[in-house]
Structures are given as structure tokens and as C-alpha cells.
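Have a look at this one.
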């Protein structure tokens, strides 16, 4: 008899206890943690996990804890689609942060639009936000911006005849296409356009062709992974004198380590996160990037990467929007995201609008140069 | 198939079921080639991808209605398979494997490189199919479409296998030279199996593209070709039902393993190895044999 | 000869030497067992990754390479003992799936045990490129080429002058007859896997200074190595080497003079044409077929 009432009390307490816990805020993520884009997804996942933990430790958002549902789509658009379906239908997430690659993001876009779930993408191509889609936003700088920044810098050094060399991946091809499109309006002429394959070990044949092209004043390598490091080494091996530019895809210490001495003098556009320590205190981003760098490196014993930074920005923008909207109602959160103004992230200062679902301008990109194995700001005033 | 919707709680599970069905259609076709005719193809994803892109491009860039572009794409791929098959099927064993591998790679590379037409490695969006003005969308509708297609394909395959042509195919598998000595035109039958399996792959590819609304060149990749062959061998070669089971297991497995993240590859590889070592003829034939043996045990 | 042409040739030799070493590994296992070992690329990956990890941990380079080769050989022996031997009676396609499963497993393990970072390896004799006739060649390429030639010579000596080598050849020609004269086929298979894995691992350590190493380099290398082995005529050691060099040269010349975007397509088209017109590969002899 006594036992039965004990059980009844226990059951009631449990029921009340469970009911008393407020519903968690569900954030869904699909990232390329394994596969060819592990470079991107791995730091993204780590960042999301770290910051969900931190925010929960500080009390959560709107008095509710955050629950992260993260899946590994391994760079595969089909998998991404299936996981996004799962996140929306089964896990019933309030918002999506993810899509490490453009292919995966674009596969998820129709699902987010149809279901009306705010989606912040972590991929690079400009096609994600152009044309603007109601529910889709992105945090990383676009590849078009990278091209514009690089071409402007080249013009500043007097170089107008440019050779392009890119890899076979989605990022590479997309950036190459954008650079070809904006070249004329940026005042440069593309005189050579070479490619290499995924997993290639030697690019001297293509570089020899570029070297033999008359009047090349600068060379741009659009790619990420080990390709650009090999290109850089081959570049010095062939003693090509023109300045070499890389893309923001290799904005990481790993690239510098792989390319070794041959990286000296290479320039690329990157987020301020990479030079957090050498930013002047007056810089708007100094506090945010320095804190993120310190927290990430302390926890994971790894260099920060700009990709992890984009994930940080994505998560924080969503949570900030929820705070401002005072609810997790998807429509109101979406409106709040679109109204983000003056938000300081690792990628830059974000000002979104109905026409601009990314919110960064060219000043968010800093031009860096490799000197003695470390990043140096080319123009500290920038 | 009719009972399954009762067990499928939400759209996500329907999606998985649809993917299983589409993979199964390819596998049944591939099984005719690999399991019955005994020819290795390591490039079948190429046909899948070509069917998908052909239909997508005709619809998006040339304005064809998908109801027309889809059959046109399948027919086109079938013709291509016929043209390419004739010289290639003269090769045997590993050389044939290499040739089909090479074909698959050429297809996936061209699809990825011609980005002005195909959208490049990031892929392209695909318009949904509209028949008589009604857009075919929604997981439930597609579930029935794919399910019906699968049943039709299995029926076709089984009829083929039991026909004189099918028996000729099986004779090929046993011993090609002996079959030729018995008067069977090996080349014609091999080519027929090759073209039919290519057409089925293209059909499944085009349907996948219009259903998902999106297609990327990775669908034509070497890794995808390997996945398809694995499904056929795992399920049981020379067994149509085995091909369906293989597709079902190997499509749902990664979804089930989704929570394992870092361990997914290790688990998948280990599973493939263990099942092939202990069930070398594949899942269904091994189970059938076991059931047979159990039935025959004296009581 | 123009500097660009010479540079393209050197590029082709560099890449071709890498393919040749991988192709050699395929040939050895195929010879002993008629199996195409799709995990061959992973042996190369293990060799490169292990060497890089050991060097990072502080071991001197030569010792790291020896240890890496040892590790590779161990993995090869384990693969044969645990996966290939139990499945010996199985149809060819099943064995192919087993090796494919093994390659997925090994890749997953590499990502788990090590990590997904791309790692460099210091060059064996310095990074300064050699200037020859207006084009440059890396000393590391000479190491790769030299080792390939040495390997071919050593293997020839092994197969033709030692008893165990001759036993392996006997098995590849006629398994039943070899068993009848008392040759242990099981041991021959084991040795072939161990040898092939060791060679693959050595290739990985040689290549890493040129093209870096990571958990997933095995996929592309294995594929190209397989293609090279088929081009040369599967089952022929010198054929594999010739196939590797040919494939590398075709790629580099295609990149330099036709279209670098299509160089892989070009290489595979040439390969397909070669297969169709030279059905037994460059070496000219293929497996005999039993009726």
C-alpha cells in the first residue's frame, strides 16, 4: 500500500517536473564534418557545440535552454536534403544553421522555403542570397566580394593583366565564374584560365603555360584544400615573378604551414579573425574576434578558422534575433534576422535588409599578406 | 508497399522510402547485368547522372516540359549506352570493370566542368514534373509513384529472367565460350542487358532530379557507382528480390547511423566486409539457403 | 625543346612515377590471387600519414619512414588474414566488395585515430629544385623514380631468383598445380599482401613531400593507380610502371597543351581507347581464360 502511493508521488513529481521544464529552443545543423569539405564542417560543428554549451551555462535564451541537432552531411547534397527533412519534420527545429558547402545549401533551400524555417547558410557562393530568398540568409563573405577585393588590390599595385588558376571543386569553380564576371568592371583583364583536378600532386604543367603567356602581371589561385598549397610551392619552384594571390578558402595557418617558405609574399582576403591579435584596440571587431579566438583555441587546442567563425556568427545572429523578437515563432524570428543592424561578428559588421541577406560589405574583408609564416594586415587602416 | 504508409510517421521517413525505391530500381537493372549476365559495371552512376542532367537541362534551358524531357533523357541515355556498349562489352573481367569505371569518371568530370550548362560541381535546380497542369510534388504522391515503378520494374525483370532471353543471359554468366558454342549470340544479349540497365538507371536518375528539385555531379561519381554495385552484391546477385533488399538496407543504414558521426565510415566499412565474408553470395540467397536447410531438417 | 614542353614532361614524370608505384602494388596482389585490391590506395595513405605523424612526434625522418612502411605491411597482413582468407572461395565481385569495404574502414579509422588535417612531410634531400634546360625538377621526384626502378629490379630478382618468389609466380600461373607440388597458397597470398602493402606505404612516404598527405588521399591515388595498372596490362610489373608513367605524361601534356580543365577526361578517354584497341594492355599478355 505504502509502495503504491510512493510510486504515485514519484510519477506525479516526474510529470510535473517534465512539464515544468520549458521547451528547449531547437537549432538544427547539417555540416560537412567528414568528406571533402571536412575542412569547413569540422570547426563549424565544434564552434556550434561550444557556444550552445556556453549560452546554456549562462541561462539560455528567453529563459529556455538550447538544444542542438547536428548531422554530418559529408559534403553530399542528397544527404543534406535528407537531413534537413529530418531536422524540419522529425526534430522540429526552430531554425537552421548549416550547409557548409554551396551544393548542400542549395539542396536545402527549397525545403526551408516550403516549410518556412529561418535558415542561415555557412557557404560561400553569391547565388545563395542572389536572388534574395525569403527564409535564407548567410554569414560568410561571397566569392564575388573576394574577387572584387583581390582585383582592387591588384589594380593598386599596377597589375591589370591577370592569370587565373583554379581547382575542380564547387568553391573553386564558383569563385572562378564570379571572377570572370566581375573582371571587366573591376578594371582587369583575364589573360589565362587554367585548372587542376582534385587530388592532383603537381601543377607545374599549368603554371608553365601561365609563365609562357605574355604580359601576366598577377596570378590568382581560387581554391581550397591542398591544391593551393601545391600551386604555391610549384609557383616558387618555377620562379614566377608576378605577385600571387590566394582566395579566402585558404585563410588558415594550415595553408601557411603546408606551403612553407613559398607562401612568403602571398596575399589573400580574409576576415579580421585571422589577425585578431594585431588589430588595433579601436577596431570595431577587436573584442568579438579576440574572445572567440581565445575560447575556441583554449577548448580545442587548434588554430581558429574563419569557417568556425561563420558558424559562430550564424548561431549568434539567430539567438540575437530570437531575443529581439521575444519568441521562437519562425516568422517573427525571420523578420528579426532581416532587421539585424550593426551586429559585430567575426566576419565583419552585419547590416541586413530585405534586399541584402548577408549584410557584409567590402570593408569586412581585410587584405592580408604572409610574412615570415604569419599574417600581416596589408593596410591596418582598413 | 501499401501497408508501409501506416508505419511511416512523417515526411522524412517517406523521403527515405522514396530514396530506397529509386535506388532499388537502379539495382534491379544493374543486377540483370552483374548478377545474371555476369558483367561488371563500376560506372553505372554515370548513366544515373546523365539521365538526371539530360532531363533537368532540357527542362530548364530549352523549356521542354518535364513530362517530355524525362522520357527523352532516358531514350538518349539508352542510345548512348548502345553506342558505347558495343566496343566496351568485348572486354572481359577486370578490363571491363576498368572501362566502365573510366566511362563513369568521364561523365562525372564533364558534368562538373561544363558549369555554364550544368551549374558545375555545386549542381543545378530542377523543375518539378507537371502532368496536365498538375504539379507532382509531395512525399506521399511520390511514394506511390516510385512504389508502382519499382513493382513494374521487378515484374519486368522477373519476366525477362524466365524468358528464353533470360536463360541465354544466365548461360552467359556460367561460361561465355560454352554459351557461344551452343549458338547463343553473346554480344547481343550482353548489349541488351547493358542498355536496359542503363535505361533504368537513367530513369531513376531523372526521377530523383525532378523529385528533389536539385541535382549535383556527385550523383554520377565513382563512389556512387560503388554504392550501387555494393547494394546489388550485398543483397544477393542473381536475385531480383536481393537487389531490392540490398538497396533498402544500404540506403537506410547511413540514415540510422546518422547519430554516430565520427564512427559512420568505420561502421559502414566493417559491416560491408563482415557481411561479404560470412555471406559471400549476398543476404537474400544466404537466407534462402538457410530457410531451405531448416525446412529440410528431419523432425 | 621549349621550356614549357620540358616542364610539362617533368610534371608528367613526377606524377607518373607516383602512379607507377601504386600500380606496382596492384600488380603484385593480382598476380598472386587474381584479386583487385581496392584498398591499395589506403596503404599509400597509411604510409604517408604514419610517416608524417611520427615526424611530428619527434622521430627522425628515416626512422619514421621505416616505421610507416612497417605499419603498412602489418595492415596488409591483417587485411589478408582477417578479410581475404576467410572469403577465399567467394566470387570475384564479392572479393572486390570486401576490398572496397576495407578501404572505407581504413579511411574511417585514419580519420578517427589521426585527424582530418592535411600534413606535409619534409623532402628527403632538400626542397631546392634542379634547373635542367630551362625547366625545374624537384629532387624528390628523382627519389620516387629511383625507388620505382629499384623496386622493379628487386621484384624481378625476387620472383626469378629466389625460391619463395618462384613459388609466388607458380601460384599465379596455375594455382592447382602449385598446390600439388606442395606450395602453400595461403602463405603466398599472405606474402603478396604484405609486400604490396609495404610497397604502397613506401610510395606514400615518398609522395607526401610533393603532394602532402591526408586521411583521404587514398581514393584518387588508388583509382589512378588502378587505371595505370590496367593500361600497362594487369599482372605485369614492368607494365604497371610503364602504364603509370604513360598516364602521368598523358595528363601533364593534356593539361599543358589542350585544356587543363579536361586533363583527367582526356587521360581516361585515352585509357578507354587503349583498352578497346589493345585489350591486353601495353604489356600485351592477359590472363588466359578457362572454358
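In order of appearance the chains are A, B and C, and numbering begins at 1 in each one.
Rule of thumb we're sticking to: a residue touches a chain if its C-beta (ideal position, glycine included) is under 8 Å from a C-beta of that chain, and two chains touch if they have at least 3 such contacts.
A quick note: this is a predicted structure, and the numbers were derived from the prediction, not measured.
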Report the topology of the inter-chain touch graph, choosing from line, ring, star, complete and other. complete
Write down the chain pair with more C-beta contact pairs when A-B is set against B-C. B-C
Considering only mean CA positions as chain centres, point out the chain farthest from subunit C. A
From the C-alpha centre of subunit A to that of subunit B, how far is it in Å? 35
Centroid spacing, where centroids are CA-atom means, of subunit B and subunit C in whole angstrom: 31
Would you please write down the residue numbers of subunit A that are in contact with two or more other chains? 34, 168, 195
For subunit B, residues contacting two or more additional chains: 109, 113, 262, 264-265
List, in ascending order, every residue of subunit C touching at least 2 other chains. 111, 219, 261, 264
Interface residues, subunit A side, partner subunit B - complex: 33-34, 71-72, 76-79, 81-83, 85-86, 88-90, 101-103, 106-107, 110, 125, 127, 168-170, 173-174, 177, 195
Subunit B - residues contacting subunit A, complex: 9-13, 15-16, 19, 109, 112-113, 115, 120-123, 125, 212-214, 216, 218-219, 254-255, 258, 261-262, 264-265
Would you mind writing out the residues of subunit C in touch with subunit B in their complex? 30, 36, 83, 86-87, 89-94, 96-98, 100-109, 111-112, 219, 223, 226-227, 230, 234, 261-262, 264-265, 268-269, 271-272, 275-276, 279, 281, 286-287, 289, 291
Subunit C touches which residues of subunit A in the complex? 34, 36, 38-39, 42, 168, 194-206, 208-209, 211-212, 225-226, 229-230, 237-239, 254, 257-258, 260-261
Quick one: which bits of subunit C touch subunit A in the complex? Just the residue numbers, please. 2-4, 7-8, 10-12, 14-15, 18, 111, 116-118, 120, 127, 129, 135-136, 138, 207, 210-212, 214, 216-217, 219-221, 252-253, 255-256, 260-261, 263-264
